[in-house]
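Below, each structure is written out as structure tokens.
In the two complexes that follow, chain A is the common piece, with chain B as its partner first and chain C second.
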Partner chain A sequence: MTTQPTPPAADTVEEAKQKEPSALSKAIKGDPDDRTGAGWFVKGMLLIISALWLVPTVGLLVSSFRTQAAVNSSGWWTAFFNPAEFTVQNYGEVLQQSVGGSTLAEAFINSIVVAVPATIIPITAAAFAAYAFSWMEFKGRETLFIVFVVLLVIPLQVAFIPIVNLYSTLGIQGTFLGLWLAHAGFGMPLAVYLLRNYIGSLPREVIESARVDGASHFTTFVRLILPLSVPALAAFAIFQFLWTWNDYLVALILLDTARLGQVSTTYLAGMIGTFGARQHLLSAGAFITILVPLAVFFSLQRFFIRGLTAGSVKG
Partner chain B sequence: MAKIVMDDIQKVYPDGTQAIFDLSLEVDDGEFVILVGPSGCGKSTALRMVAGLEEISGGKMYIGDKVVNDLSPKERDIAMVFQSYALYPHMSVADNMGFALKLAKVDKSEIERRVKEASDILGLNEYLHRKPKALSGGQRQRVAMGRAIVRSPQAFLMDEPLSNLDAKLRVQMRAEIAALQNRLGVTTMYVTHDQIEAMTMGDRVAVLQAGRLKQVDSPQQLYDRPDNLFVAGFIGSPSMNIATGKVLKEDGKVYLELDRGETKLEVPDEALDRYPKAADLDGAEVAIGIRPEHYGPPNEVAPGQVWKNRNVELVEMLGSEMLVHFRTESAPIVTEDMRAAIDDDEMFEEIKKQAESGGQTFTARFEPDNPPKVDSKIDIGVKTEFLHLFDAENGLALR
Partner chain C sequence: MGTVLLNGIVAIVAGVVGVFVFFWALNAVTERVGGRFEEVVKPWVFFGPAILVVTVFLIYPFFDTIRASFFADRFVAGERPFVGLDNYRRVLTDSETWISLGNNLQWIIVVPAMAVIVGLVVAVLADRLKPRQENVVKSLIFLPMAISFVGAAAIWALIYEIQPEPRRQTGVLNAFLGMFGVEPISWYENLLVNDFALMAIMIWMQAGFAMVLLSAAIKGVPMDTIEAARIDGATEFQIFFKVVIPQIASTIVVVLTTILILVLKIFDIVRVTTNGRGNTQVIANYFYTFFEGGNYGRGGVVVILLVLMTFPFMIINVKRFREQEAQR
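Right, the complex of A and B next:
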């Protein structure tokens, strides 16, 4: 916009001055004419925080385009003064490397095979559970919910030995199924907790209205709760996907990588072991594996806006 | 369409508190019955028990000829309109209205036809594809009504459907809902705390207080012949002036003694016909009720009906009428019933304070000419033929 909105007509100059918000309130609350609703102070702080968080990522990106010699001899920021040392060779090289029997492309696909079901399974189960905890009357509901929430504090390491024993008995040790179930189990307490808080805060009258309209619990869940809970489901999906995508420990213990191939985290770890500290390749590989979480975040972030229930209640 | 019968219905919550006591009420086929009462009187609970959203702890509930105590809302075939409208925010207006039919597996073309019909009635045609959040309050209210209409249910249940609208819209929707109910002839139960809605909309009004049904009658009957002090105090605005006084018999005539003996008003036969038991009392304390409009200039009533020497405390000029607040030395009735009837704790505390001083302020409604001066003494005519008399102890009308 190039034109300034004309200020409201004031009878006297003094009056006009009084209506002008103070500099401090402008800095924090923002100019009333500005739709974003934030002042320069808030915006400045956000800018600084974003910059701080971005520096390592930018460093990684720059390193991934530098030659091995350059990476080993100087910091990534020096690259801006020597544009000559930039190369795309690292990417070509890393895609052809085989680590622990897998190429990066295979490891990448394996990671997707692990992360997608490991996200969908707990979300589905937790959404059903959250509905039941919020809107179905049954004995021991509160107690059961508390037990679920308490599970949040249990570190997953303590569960490895029993899980491996159990999986061996069941014959699923080392399989994708075992890994999915483990991720689902570890993700479930947080999922149930988050989703119950959200689903429980949906307006009661809307759910009662569905009951009067003849909806069963299942219909209410599918037709009403799920579409209204998209923001919460998306939020948890992002958490869970990032967690399973970036997971190293659980995959290392529960996945038979020799038989089924590496996932991207074990691939990257293995790469260091095979080639020593080849930072130039590591950074290129790492940057490729970042792409998926970034894509997931940007495609789901619009659901974060919790405006979906607006209009159902009140006038 | 069907009639709704509540037979000795009880509601006890798991923690032991009882919300509804022995509620028996019959709503005829096609009748419009209003449930009214102060907040927390159990009127919404009663309605939700009819809907099947609240368990029935005792008694029998019939819709049509069926006992519905253990039926789910779905099986009861009723439609409910909620205070918040409870529209489905992710569905269009048309989908909102057709949702119940869709669940009932009604034909698509039939759903479309019925939604169209309802939207014609409600003037929602242009909005059928909008989401609820793109509608104004009044339009949302109409969609909520539409959702009920398309189902042609056994009964409509409405839980304060107008309380979220602004005053002007409320008046309009009040008339619309009443006309619509009349036209469709669907049995309707309507919960409200708004007296005007109660008085103007329904065929009959059921007044509840603290989980007990106090009176069921046509609005005018309720106003003219309250069964008890609670109904007398609750119905009407400004509310009925109620004070304690004594019934005295002298020379075959009945008098009321007010202001601790300072005032004596004659009770004509018309009033005694309506409250025959009062004639048998002599020297007994009773509760006397006078509606604000039953005062008049002293020259318009018999000499025995003039209340002399009243101190004017406040005069409110309202254009079409004038409210004169004057002092009486007759004590108010201070009971839990009256607290509920006033439905305003601050006001009740004020009356309690006045009671300690032994008197209270009465309100009289006059034609707006010659307003008296504040703190002046005036004589007021009391149309005692319209007087109400109640037992001071149990609050029941002296009939």
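Right, the complex of A and C next:
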């Protein structure tokens, strides 16, 4: 038995190139000389999936611009054949509507009031903590950090009964402050985890040289760490902002909507409940409420994706 | 409107400035005291507030919920007496509990797997496009992630709508199936399909997340391992399953578990669509019905069931963290 003679590498490449590309490989790769190209099969599949993913949102957008009669009598896709059905009236009308005591504009403002501090508070506290866990020496550092890792998966449902009781005792049940602090608590494990990953991987020499120059931890943190961590801070800020803007459950439980008014999600949920029969208004209202997260997402997508991948792939 | 706006601005400024002043003042106090005290206390100033909020909002509630589960479900003469395991008996013998658990199980089997499959297919295929086209495709798939669950439910209402016969169907699915002579289906009420109808919404929202992470992992697969396989005459499918998949396996696991944990707690989608009717109940919404009714005893038991389901993932997370630290 003889061992297979190894042909020189160059020959193999020649051979591979000369092999007539099969129909299948052409469908996947397109031009056989373009090593990463896309053939009709790849493009076709992507077109189908993209269309499937886009259809629901397009349906909402189109419906929001159709008259009530049209919405009730035919599917939204027929509107493309009857452009006369289009109207902007739904948007004017929905802005006048009051759901649960709030107009959409008020719900919108309230959502901002909830989401901005509910983003800034945890991110500030988490950045300080991440610095301590990365660059300060103290006893039990790793054990304490593991607490945050454990809490990453704790369902926030555990908090509701105790927190409502606690808030009632403190007299902050139903207030914005209560809602901010709760969001800060629920978002904290992920914030600390992600920011420590980033802040902990900053070059040691930079931090140490600042310390040698006599800068206090506080100065090092504010002057050096914060500016260096902008990408991670931005990523988490977007994440937390979208989370709190889109949150329904926590607002439902901790916000006194009768007194302070609705936020956009409780407004929309109220609409689904009461406007079920008025799909044209619901569509317009729904589209307005998802505009902010969509705008945030599209303008800051780069940071957001970077944050997601930094958090989970690299770990 | 005017007062809402004014109150809003005041609230935001107070909240945002408040947290900065808080840290600055805390630090100033420790620096003023100085000496050894400062060295010992300083780390606590930095990580203390973070520990404090998770203690108040997650750790203490966890134990308090356990306590609540042993006390009366409702007030008896102004208080909740100790009832031992009574709430556990009631919850565990309630058929709704088992329906919820069964549905949660269905969700965690179907949704993470489907989201990963779609995410993986898009990530792999889009990788072959030109960068601009790739970005467009990926943005489209990722877009639903930015939408709230409530918004998603409103969007999908247009897909699942049903009109009584003989009216024209205005929902996309029923209209589409009608072209093939299928009778209109009530997607939220039909017991065979309603769970899947709700799961589809979640898959739609989470596939983009899976895709982003998997795409990053695929781009990290060394090109020479793929080239080597190509030179050896491997087909594209062989390359994918034998070369790419093994190298991104750890990312696939991370994505699966992340979505799984999210799915365990699924609430909003069920809440605003079926609210658990038609056997679509899930644990988190089941809990909410108890919470809403002031049934804190049984609510506590349901939360504990939910926490128990997350335990394995807690252990996995800690183990993974320890391994990473060892590599650092």
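Everything below uses one rule, namely that the second predicted complex is superposed on the first by the 239 of 315 C-alpha atoms of A that agree within 3 Å, B and C clash if a C-alpha of one lies under 4 Å from a C-alpha of the other, contacts with A are read in each partner's own complex, and residues count from 1 in each chain.
We take it that a residue touches a chain if its C-beta (ideal position, glycine included) is under 8 Å from a C-beta of that chain, and two chains touch if they have at least 3 such contacts.
What you see is a predicted model, and the numbers here were worked out from it, not measured in a lab.
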| item | value |
| --- | --- |
| First, second, both or neither for A:V206, with chain B first and chain C second | first |
| Between chain B and chain C, more extensive residue contact with chain A | C |
| Which superposed partner A:F65 touches (first chain B, second chain C, both, neither) | neither |
| Partner chain in contact with A:F148 - chain B first, chain C second, else both or neither | second |
| First (chain B), second (chain C), both or neither touched by A:Y198 | neither |
| Partner chain in contact with A:F241 - chain B first, chain C second, else both or neither | neither |
| First, second, both or neither for A:A286, with chain B first and chain C second | second |
| Which of chain B and chain C A:Y167 touches, first, second, both or neither | neither |
| On chain A, the residue positions that both chain B and chain C contact, one per complex | 216, 308-309, 312-313, 315 |
| Chain B-facing residues of chain A, complex | 203, 205-206, 208-216, 219, 223-224, 227-228, 308-315 |
| In the complex with chain C, residue positions of chain A that touch it | 9, 12-13, 16, 19, 24-25, 28-30, 35-38, 42-43, 45-46, 49-50, 53-57, 59-60, 63, 71-77, 103, 105-106, 109-110, 112-113, 116-117, 120-122, 124-126, 128-129, 131-133, 136-138, 142, 144, 146-163, 165-166, 176-177, 180-182, 184-186, 188-189, 192, 216-218, 221, 242, 245-249, 253, 261, 264-265, 268-269, 271-272, 279, 282-283, 286, 289-290, 293-294, 296-298, 301, 305, 308-309, 312-313, 315 |
| Residues of chain C that touch chain A when the two form their complex | 1, 4-5, 7-8, 11-12, 15-16, 18-20, 23, 27, 31, 40, 42-47, 49-51, 53-54, 56-62, 64-65, 68, 118, 121-122, 125-129, 137, 139-151, 153-159, 161, 167-172, 175, 204, 207, 209, 212-213, 216-217, 220, 230-233, 235-236, 251, 254-255, 258, 261, 264-265, 267-268, 271-272, 284, 287-288, 291, 296, 299-300, 303, 306-307, 310, 313-314, 317-318, 320-321, 324-325 |
| Touching residues (chain side chain B, partner chain A) in the complex | 51-53, 72-74, 78-80, 82-90, 99-100, 103-104, 131-138, 140-141, 147, 151, 164-166 |
